[in-house]
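What follows is chain A paired twice: with chain B in the first complex and chain C in the second.
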Partner chain A sequence: MNNLSTVIINGMSFALPLFIMAIGGIYSERSGVTNLALEGLQGFGAFTGALAAYVIGMHLEADSMVPTYFAMLFAILGGMLFSLLHAVLCNYFKADMVISGVVINILAMAMTAFLTKTINKNIFGAASDKFVLGVMRRFDIPLISRIPVLGAFFTNLYPFEIIIAILAFAAWYLLYKTPFGLHLRAAGDNPAAVDAAGINVIRIRYLAVMMSGALSGLAGICFAYSISAKFSSDIYVGYGYLAIAALIFGGWKIIPTLGACLIFGFARSAGYQIVQQLGLPSSYSDLVMVLPYVLTLVLLVFLAHNSQAPRALGEAYDKSKR
Partner chain B sequence: MNKKYDRVIVAAIAVFLGLIAGAVIILILKRNPISAYYSLLRGCGLAPKVKYAGGKNMLSDFSSFLDYMTPMLFAALAVVVAFKTGLFNIGVSGQMLVGSFLATILIGYSNIPSVLAKPLVIIIAAAGGGLIGGLIGYLKYRFNINEVVSSIMLNYTASYIIGFLINTRYVDPVSRQSRDIGANARLTLHQISIGSYKYDIPLGFILALVAIVAVKILLDKTVLGFEIKCVGANREAARYSGIKVGSSMVISMLISGVLSGIAGAVCYLGYISTIQPKVLSPTGFDAIAVCLVGGSSPVGILFSTFFLMIISKGSTYMSSQMGLEAEIASVITGLILLTSACSAFILERIKMIRRKRGAGE
Partner chain C sequence: MDSEYIVEMRNITKRFPGIVANSDVTIRIKKGEIYALLGENGAGKSTLMSILFGMYEPDEGEILIRGKREKINSPSRATELNIGMVHQHFKLVSNYTITENIIMGQEPRGRFLGFLPCIDIKRADREIADLSRKYNLEVTPTDIISDINVSTRQRVEILKMLYRDAEILIFDEPTAVLTPQEIDALLDIISGLRDSGKTIILISHKLDEIKRIADRCAILRRGRLIAVLDVKSTDTKEMANLMVGREVSFRTEKKETGFGETVLEIDKLTIHNSDEFPVVRNVSFKIREGEILAIAGVSGNGQVEIAHAIAGLMKVHSGDIRLYGKSIRNMSIRERTEAGIAYIPEDRQEMGLVLDFNLKDNLALKRYYRDSFARKGIRNNTYLDECGRSIIDKYDVRCAASTETIVRSMSGGNQQKAIIGREIELGGVLTIFVQPTRGLDIGAIERVHKQIIEERDKGKAVLLISLELDEVMNLADTIAVIYSGEIDRIAPAKELTTREVGEYMMGVGVHDKAGEVV
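Showing the complex of A and B:
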């Protein structure tokens, strides 16, 4: 396999989970709910997913793919459930949305670390702070993967990449082509008008936040099954924040956000490839890890003042102020 | 009824609800929550332990507790100052790291006499932290970059670059952390024998009290403090009244960064004496919690730091005594945070009850 293919393959498997998480963030923020909780939501989703895989995997043969798909399902459910906390804090308790997001992140880290240890000790009888998952089995799409260069996009795929691609398209369709999507986008720009049209703003916001929880949870389990090959507190390395940066770049729109995620993904995989090609010691790969973060800052310097946030972003909707 | 009194009540209610929720979890794990909470106090030298190791007594436990809470005082104060301008400094950990790393390599490994080395450590760490804090403020003011995003990006950037530098230049091959700094540069007088007991004397603690008073004076008695609070209360109104909103933001983030830098110094060159590569201190994130519970007031955080640090410092002892995972401490802290985030709601409810009572009379 040549260098370019490796960069494409590794770049895509990082960019796609990031992208699906960013789409969740777009849903939440377009509906008017600031969502810094993505980091915690993806971690919590990864936790519930990994736990499900463990429990189900105990009764099956070692190489079965069934636990993997259950893990994804439970990650989606877990992320959705945990995101309700954010939705309730923001919509019912009228908490500051930024603070709520940070609180959710801190709580998710604390709870998953505590639960992982407690469950390992009391149920599985092992003193461990992680659930080992391994890496998902990869596959090639026949024929098209043989195309030179571009074929790399269809080579060595994780199954979740296909799932993400389908979900991303569905999410795009829902947001831009359906009445629900229109209401959601309007709820973030002018909630009073949406309310006047007889649509329940709070309900839309609850659904939007749950959507972000579900998609973040999925992203979390994808990272757990690819980059980290386990669930542990290592899952909290800031990918959630990276997804937020990506959606801000993308101006809260889905297609440009995909571009931002691809930039992050390829910057990261290209950096690793360069370190490897030059034969540098492994400590140099830490410098590569910096690339997406620095790139974000640099790009934001050029793009941030052009991007238009949803107008009612971060304000709890108060009917009495209409 | 005055406003300050209300805020204290609300904070107390939030903390109480959080502790109740924590107690429920402890009950589910079939342990006694009261003795669990009491063992937290024992772990911090606030209640007598059953047995002490040689050279230890209640006072020496308490001295290490003060040593432990000193970084948090500075970190929480840093969050408070930024918060007053309506900015959210989630980058305290990164600023701590940058400040303390510079102080470690410039002073920590030198032979400068301690009278000179200790103040220099603080100055260098403050400058390093201030630089990053100021940069975040500038990016916000000049390019409209959300301070939360830029702080996080700088956190990871700092963490990886400093991790790389430590691993390639300053690493101790055994501990895999940066080499220990000299006693001359350390801000905690570590394990000093007085009589037959050994104490950790945190010099930074006194400095922290001074900083709290200084920030209180700055916010309440100076023009700059007034401007900072105006910008935080209503950015547009502040702009129309002729306050330079941008420079107020940059200055408050600069001050916040300076305080974070000092927090880093009293942590990495005080409470401990090395830096672990590629690990961001949780202090910076927990500081947000402390600030929230303390009602984002300089005096309030003195109490909330004391209280929340009992939970986190005492957790080791609790874990050994009760057989509970030490991580439960951060879960309890998280629950307290959750209830504190609803403090506006609680305040509203209190007012409503009061109004109803007023109408009834």
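Showing the complex of A and C:
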């Protein structure tokens, strides 16, 4: 396998979970709810997913794929459940959305670390601060994976990449083609107009935030099954914030956001590849981890004036206001 | 249907904390008429219609639609009963097309990729185009809301009602945001809707509009129904008196005075907007003590930018602004305030007030740093309160909780009174009024006009910028007509007729600057 293929393969497997998480963020923010909680949501989703995989895996053979899929399902449910906290704080209590998001990130980190240790000790009888998951089994798509260069996009795939591609399409369709999507995007621009049309703004915002929780949770377990190969507090390295950066560069639109995620993904995998090719010590690969964030800063400089944030972003909807 | 009335509201009472908005009001509206609700700001017109549209529930009373008693507890219920409302503040999604705004909540369905349910936007576009042709409401369905002007947005709001098969159409002060030409067009549209069988309820405080198109008119004052009149057989004077509750004079009394020293001198002023386009070009004029200079012009011809430049809100590109001979061009806004410039801005909610602050703080916004208001950087609350109270009394600002009233909860007229009070009390030498009576009712307009004259009689210089030609003709000593950023004509008011000024405003005046007076 040549270098370019490696860059593509690793880049895609990082970019896609990032993308699905950014889509979650887009849902939340287009509905008007600022969502800085993506980081915490993906971590919490990874936790519930990993726990589910552990529990179910106890009763199955070691190489069964079943726990993996259950892990994804429970990651989605866990993320969704945890996001309800943000939804309730923002919509019902009309709390400051930025503060709520930050608090949820901190809470997720502390809570999952505590729960992981406690559960490991009391249920699995092991003193450990992680759930070891291993890396998901990869596969090639027959025939098209043989195409030169482009075939790399279909080689050595994680199953979750396919799932994400399908879900991303579904999310795009829901947001831009259906009445629900029309109402959701309107709620982030002028919620009073949505209300006047007889549509429940608060309900839409709850659903949008839950969507962000579900998709972030999925992203979290994908990271846990690929880059990390485990669930531990390592999961909180800032992918959530990177997803937020991606959706902002994407102008809160799904297709341009995919572009931003791919840039981040390829920058990261290309960086690793360069470090390896040059035979640099492993400490340099830590430096590469910084690359997407540096890129974020650079992009910020160029895109600073090009912000198309939803007009009502961050405003709790209050019917009675004039 | 055994009743001749399509809408009956019987004995409606609605209380809000501190005020009774509607007290035992009964109105009956016939199918196919234009029924006007006339009253001053805060008379309870909007509340009454909000009740009919299901936004508030009445504390007492009942509503009958087509002779049947109905409980209208939400706008959706009102829509089901074929009631539609155009609100004063439009409820439109700015980054959506006209079609998307209209169909929201009732989207025509189609198939995406042949099997997935989706919105059939093409069909919707066609439907909206048909609807707009049918009712003569010209719009391009695929235009984005943020790209279209106010009167088109209003047409979108009307189409929204028609798309939902509304039979009873409520218009809440629809002309407040429009230019005179647009008002004419809208009134024609409303008459047209009546002629096609719709029932119209028109909330307004503009007598001439009601006289022009309404069939009957109910007058509300301080929450009570005063009279229901047949519009044709009543003159506007009588309606005005009933509405205000006292004799109203339409002409403002103004005594002749001599002018003093030159206060403000604008010298070859050019202003560029953010796109580097010269919105004001080479404008010069002077205002003397005891003089009202009015800039007349159609909206968007650069008059507001001149006011902004004097107040310090916009940068001067070239030319100079002098106050008593001293250039203020590079002064900060506070320095200008201290030099004696008072500014009553066009947009009272965006620029004039901090809506979520209370009245006390709003009334001190321009002076809070002065010695008596703050000692060594610490607010003197007692003094702030006293000052607030004195303005509230002197300028008759009606508010529920005195100086503690949150400004957002006040009516537009009272917000304007508060701003005018605040600015006049600064005790400056030049007062700038931009559209001071926009959206105000006749009683309030009369009061504002008196205050403007008083300022002049005190020997201050007054710059009045107004789109209302009547206002300009009534008040000004000197009139400058602006057209696309240039002053076309400047002359003493008595040398100009309304017609002449109107022509210059449209840019069709004879370009004869011989009569220019400086």
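One rule holds for everything that comes next: the second predicted complex is superposed on the first by the 321 of 322 C-alpha atoms of A that agree within 3 Å, B and C clash if a C-alpha of one lies under 4 Å from a C-alpha of the other, contacts with A are read in each partner's own complex, and residues count from 1 in each chain.
The definition used in the following text is that contacts are C-beta pairs under 8 Å (C-beta built on N, C-alpha and C of every residue); 3 or more make two chains touch, one makes a residue touch a chain.
Computed from a prediction, not measured in an experiment: that's the story for all the values here.
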### Task
Assess the superposed three-chain arrangement around chain A: do chain B and chain C clash, or do they fit?
fit
### Query
Of the partners chain B and chain C, which touch A:162 in the superposed model: first, second, both, neither?
neither
### Query
Can A:132 be said to touch chain B (first), chain C (second), both, or neither?
neither
### Task
Using the touch definition from the top, say if A:99 reaches chain B (first), chain C (second), both or neither.
first
### Query
chain B or chain C: which reaches more residues on chain A?
B
### Message
So in the superposed three-chain picture, is A:238 touching just chain B, just chain C, both, or none of them (first/second/both/neither)?
### Response
first
### Task
For A:283, select first, second, both or neither according to whether it touches chain B, chain C, the two together, or no partner.
first
### From chain A, separation angle of chain B and chain C (C-alpha centres, steps of 10 degrees)
80
### Task
Check the residue A:123 against both partner chains and state whether it touches chain B (first), chain C (second), both, or neither.
neither
### Query
Which partner does A:196 reach: the first (chain B), the second (chain C), both, or neither?
second
#### Entry: Superposed arrangement (fit on chain A Cα atoms) - minimum chain B/chain C Cα distance in Å
5
## Note on the structure
Overlap of chain B and chain C contacts on chain A, residues none
### Parts of chain C lying in touch with chain A, wherever the complex brings them together
74-76, 79, 87, 89, 91-96, 100-101, 104-107, 112, 116-119, 408-409
### Query
What does chain B use to touch chain A in their complex?
29, 88, 90, 139, 143-146, 148-150, 152-157, 160-161, 163-164, 167-168, 278, 285-286, 288-289, 292, 325, 327-328, 330-331, 333-335, 337-338, 341-342, 344-345
### chain A residues touching chain B - in the complex, by the definition given at the top
36, 85, 89, 93-96, 98-100, 102-103, 106-107, 109-111, 113-114, 117-118, 121, 237-238, 241, 244-245, 248, 283-284, 286-287, 289-290, 293-294, 296-297, 300-301, 304-305
### Message
Using the touch definition from the top, list the residues of chain A that touch chain C in their complex.
### Response
173, 177-179, 182-183, 185-186, 189-190, 192-199, 311, 321-322
